[in-house]
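Each of the next two complexes has chain A plus one more chain, namely chain B in the first and chain C in the second.
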Partner chain A sequence: MSATARTAPAGNIYDLGYRHYEGKRHGRWYAVWSLYVEGMRGVWGFGRPMTAKAAPFILTGLYALPALIQLAFSSIISQSIATGEASARDIATYSDYFAAASFFMVLFLVAQAPELVCRDQRYHVLPLYFTRALGRADYAFARLAALTTAVFMALMVPMIALFIGDILMKPDTLKAIGDEWPRALPSIPASALGALSLSSIALALSSFSPRRAYAAVGLVAYFLLMGIVPDVIFQVGRHAGWDWADKLMTLNPTGAISAAADWFSGAPLVTTGRDGGLPATLGADAYVLAVVVSIVVFTAVLLFRYRRMPA
Partner chain B sequence: MMFTRSVAAIPLIVQITLRQLLGRRRTVLLLLLAGVPVLLAIVFRAANDADVAGFATGVLDAVAVTLLLPIVAVLFGTAAFGAEIEDGTILYLLAKPISRWAVVAAKYLGAVGVTTLLTVASVLVAGAIEMGPLGEEGAAATRAFMAAMLVGSFGYVAVFLTLSLFTRRALLIGLVYVLVWEGALSTLLPGIANLSIRQFSLGVANAFWQMAPDEARLTPSTALPLAIILVVVALVLAAWKLMRFELPGGTD
Partner chain C sequence: MALIETSGLTKHYGPVKALDKLDLSVEPGIIGLVGANGAGKSTLIKILLGILTPTSGTATILGMDSVRETRAIRQVVGYMPEHDCLPPDVGATDFVTHMARISGLPRTAARERTAEVLRHVGLYEERYRQIGGYSTGMKQRVKLAQALVHDPKVLLLDEPTNGLDPAGRDEMLDLIKRTGTDFGITVVVASHLLGEIEQVGTYLVAIDAGRLLSAAPITTYTARTPVLAVEVEEGSDRLAASLTGRGFKARLDGDCVLVAMEDERLYDAIRDTVADLALPLIRIQQERGRLEDLFRDGAPSIGAPSIDGPAEGSVQ
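Showing the complex of A and B:
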């Protein structure tokens, strides 16, 4: 008993007496890092058959498609802007891109977040993780970090395409890089915040089901409901003169993330539009706050779930 | 003899199916989902909002027809056979001297029954709550969307039931179908209306309350026959597949 207590923190390779291990023991943080790397590979389907790569790559491609088209036709677009056939406002910008294409990013999460947390529960491999140096919170954070990194990469693909496209539209390349750089830079923290927010929601909800398909249904229901319900209540409240209903609009994950992107880039919020737009009473900082609060809440839910989960 | 025995077995299989479908944690979640239109109706009532079109598109169409109906139908429709295939208990069902079409009919009745009950009740309660401000036109809209839920339940459940006999990943494929075909493509491409269960159900709803032409694209006289054809084709296909059904992992 005392022997196991003394050796437990040092290593997590159990010597059952059959085969000895003399090599280096990397410890807890190396285990977390390994789980993170393995999770990243899992999200993109590396080391898995081609069918596992289809969903993440196709959905990232669809998400980035408008930006890639704009990149491919950048010379034609710059000509038609110069001749006045197209307006500079028609082309996609860094801060409004997510709002327009977020459907595919939500599908990306619906397809890939259950991949990370459901299989481990369904095939009962969690006890194998938890009996190692890796703690339950370590597991949850490694999974969250893996999904966040993958989503961040997917979010950055169209941003890079827009950046290259905007440079190619200008005659003087070097000067264009200098001009474009300050406008493109805010998309990095905005994408990071969006990726963390989407990933924490998707992982926290997925972790409640060991079946991937049920988790996917739950995610679809959550994202669609949060897209519709706050908006309906806000529209009703606008006619009825309720001044609290505008705050509900921060509950829509994709809407709040795209409004937060406006905060990073300093662009004005769209408060008018075909569907009525965002409430004029809320500033962009309210959405940043809402996104941060949602990250904290859903990460807490995820940790709570793994603390209570029977391994 | 075979025929009467098969018919006599239907009520029992329906009863078993109902027990399989309802005794799960997901039933609680689906009840919560069915509560969303009711919750929104309470909000409309509290605001004393008398905008029938706003209530119909914002709550009954956007939440009930677009979200609640397909999700309830995909879960119950694929689980009716899916759960039995997964557990291997379908063996005991197929080993009985009951015609396969009767098994399909019973499973279908069970799944459609629960789906209809949940979705129609949700619309009925939501419409009843909002009846005060909306008046007679609101009642017509509620009737229309109850009809839409009925037609939609029969259509979706038939498709998903059949799908679950052809693939074990029916729930995921059904979800993708709902999102991509019924959700994105049927709004982008008007030509799909003739092949969309969502449009069938909204088309039938048109008989009770006229909707905007870009919302419900079919007339009731087109939508209802198309929906019936879809259900019949799907169920015949399901019975045909069940007659040739091979149990997974049956070789060892």
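Showing the complex of A and C:
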């Protein structure tokens, strides 16, 4: 410990002495954890201006809105079901919720994934990380973990709202918790898988542009095309007799995730009906496989991108 | 132990040779790394940090190999890049604390060190404001603070005075000098401005086109040289001719005549010549070496400015 006190010779720089740091120094995993925490704060806009909090919170709110409305009117809904005015099939369930509201979740990713990776590239923060204990893969994994956690949290908000709503619809609350619990539980692994899948896609694509706007456009384009193109080919293929076209439907990330949610909950897939829907030839396990493959592929793309990134 | 040692260090970017068989051995201190833009300064620093892999050759810093012991090196090295590296939408305190944690400091220690280092670089109330609103000088200070926050043994500063006005430049140089001398932190300053290195450095490493031009303590460059400058108000050409006629090596340099001090009779001869020619004499002074002479003519010569060389260049 050396402490030197002297008056500053120049300008407004006052030297009140410098002490060397002799305390504990953590290693690589602490650095990864710190980057993960910073990423989580960044996604939700904590430690940033209020405007940075607007997008994630509003979009999470919009995504959860149908579930929150159902929660707010749960007593009325339960009466309508009791009197037979409404069918239990009309209300949102855990496994079909994502399919209905996924638009807002995609918007959440479009808004927040570039925030995590484009910012560090655009303002050249990466060299500061890569000259510290963090490796390139460490950086990619910390970012992926942060976004996955954030998306998982956002996905779970309506699930919790649905759970509370379902309980409130029942006359006996304690018994209802016991009854509902097994039905609600599969939404946790389904949300986790969905969050990882969406995050890996969004980060891998965003990492190719330092400009947030370009990354956002790229993400919108990817999700839109993957939602439309496989469906069009599949529908044409049904008439043209292309039996391979059904497999293309697993390429739609949101479609595959909602089908995977059905696999977790054991609910039947809504297969080809009057206005399209999923191909009857594929089981839910095909979509689960597709989601897992997509996670592996996009994580590899992300790692590849950071391995090649000049620092 | 040598601070930096390189042997046969070579780095190619495609056909471009950024470093070409660089052999170097430098002791701790405040080391100025000088070279024109593109001479290979940044490349050398990046190799030392382990973010670039050399094409061939080895580099060690504090005895640790830049390729094999990268993580150990990064624990004890602080790096201030040449370019902007600060996100605009966070405060300096938040950013530097975050960087301290990435360097492995626990949460509380990171906060304390951040406060201390920001005070040291001269950022006070504004440290809570967003970095986007800072002046260039303040941004440079934040960049220095993030390099210092984990109390490194060696600081690698790449063009730390980039974009600063003269006052800001002097403040930054003063800060670097105090960091080096008072805190016992070895500082490597890369710069394309010799004047800056002359101001702060104790040791100078000059590289040009990826090759080592020279490496020696600053004092050896600026020591007195065996050349006498004689300044007269007019008639310097006649003085030079007359001195040459008396058998001295004299050369015209603006209004000055530079004479090689090879003979003890030189002072007397100058006195007599000036008196004979009735010239208004201003001064007779022994010349000091100038760092610029290093890069003059592409011919490195440590210390003595050449009597026979062309006479451009002036002391900053």
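One rule holds for everything that comes next: the second predicted complex is superposed on the first by the 288 of 311 C-alpha atoms of A that agree within 3 Å, B and C clash if a C-alpha of one lies under 4 Å from a C-alpha of the other, contacts with A are read in each partner's own complex, and residues count from 1 in each chain.
The definition used in the following text is that contacts are C-beta pairs under 8 Å (C-beta built on N, C-alpha and C of every residue); 3 or more make two chains touch, one makes a residue touch a chain.
Keep in mind that what you see is a predicted model, and the values were worked out from it rather than measured.
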| item | value |
| --- | --- |
| Of chain B and chain C, the chain that contacts the larger number of chain A residues | C |
| Chain B versus chain C as contact partner of A:85, first or second or both or neither | neither |
| Contacts of A:172 with chain B and chain C, given as first, second, both or neither | neither |
| Touched partner set for A:285, first chain B, second chain C, both or neither | neither |
| Chain B versus chain C as contact partner of A:243, first or second or both or neither | neither |
| Partner chain(s) touched by A:34 [first = chain B, second = chain C, both, neither] | second |
| Of chain A, residues touching chain C in the complex | 2, 4, 6, 9-16, 18-21, 23-28, 30-31, 34-35, 38, 47-49, 52, 119-120, 123-125, 127-134, 311 |
| Contact footprint of chain A on chain B as seen in their complex | 26, 29, 33, 36, 39-40, 43-44, 46-49, 51, 54, 58-59, 62-63, 66-67, 71, 74-75, 169, 171-172, 175, 179, 184 |
| Residue numbers on chain A that touch chain B, as the complex places them | 103, 107, 110, 212-214, 216-218, 220-221, 224-225, 228-229, 232-233, 235-237, 239-240, 242 |
| Residues on chain C engaged by chain A in the complex (per definition of touch) | 46, 49-51, 71, 74-75, 77, 79, 81, 83-90, 94, 98-99, 101-106, 109, 113, 116, 119-122, 130, 146, 150-151, 167, 170-171, 174-175, 178, 182-184 |
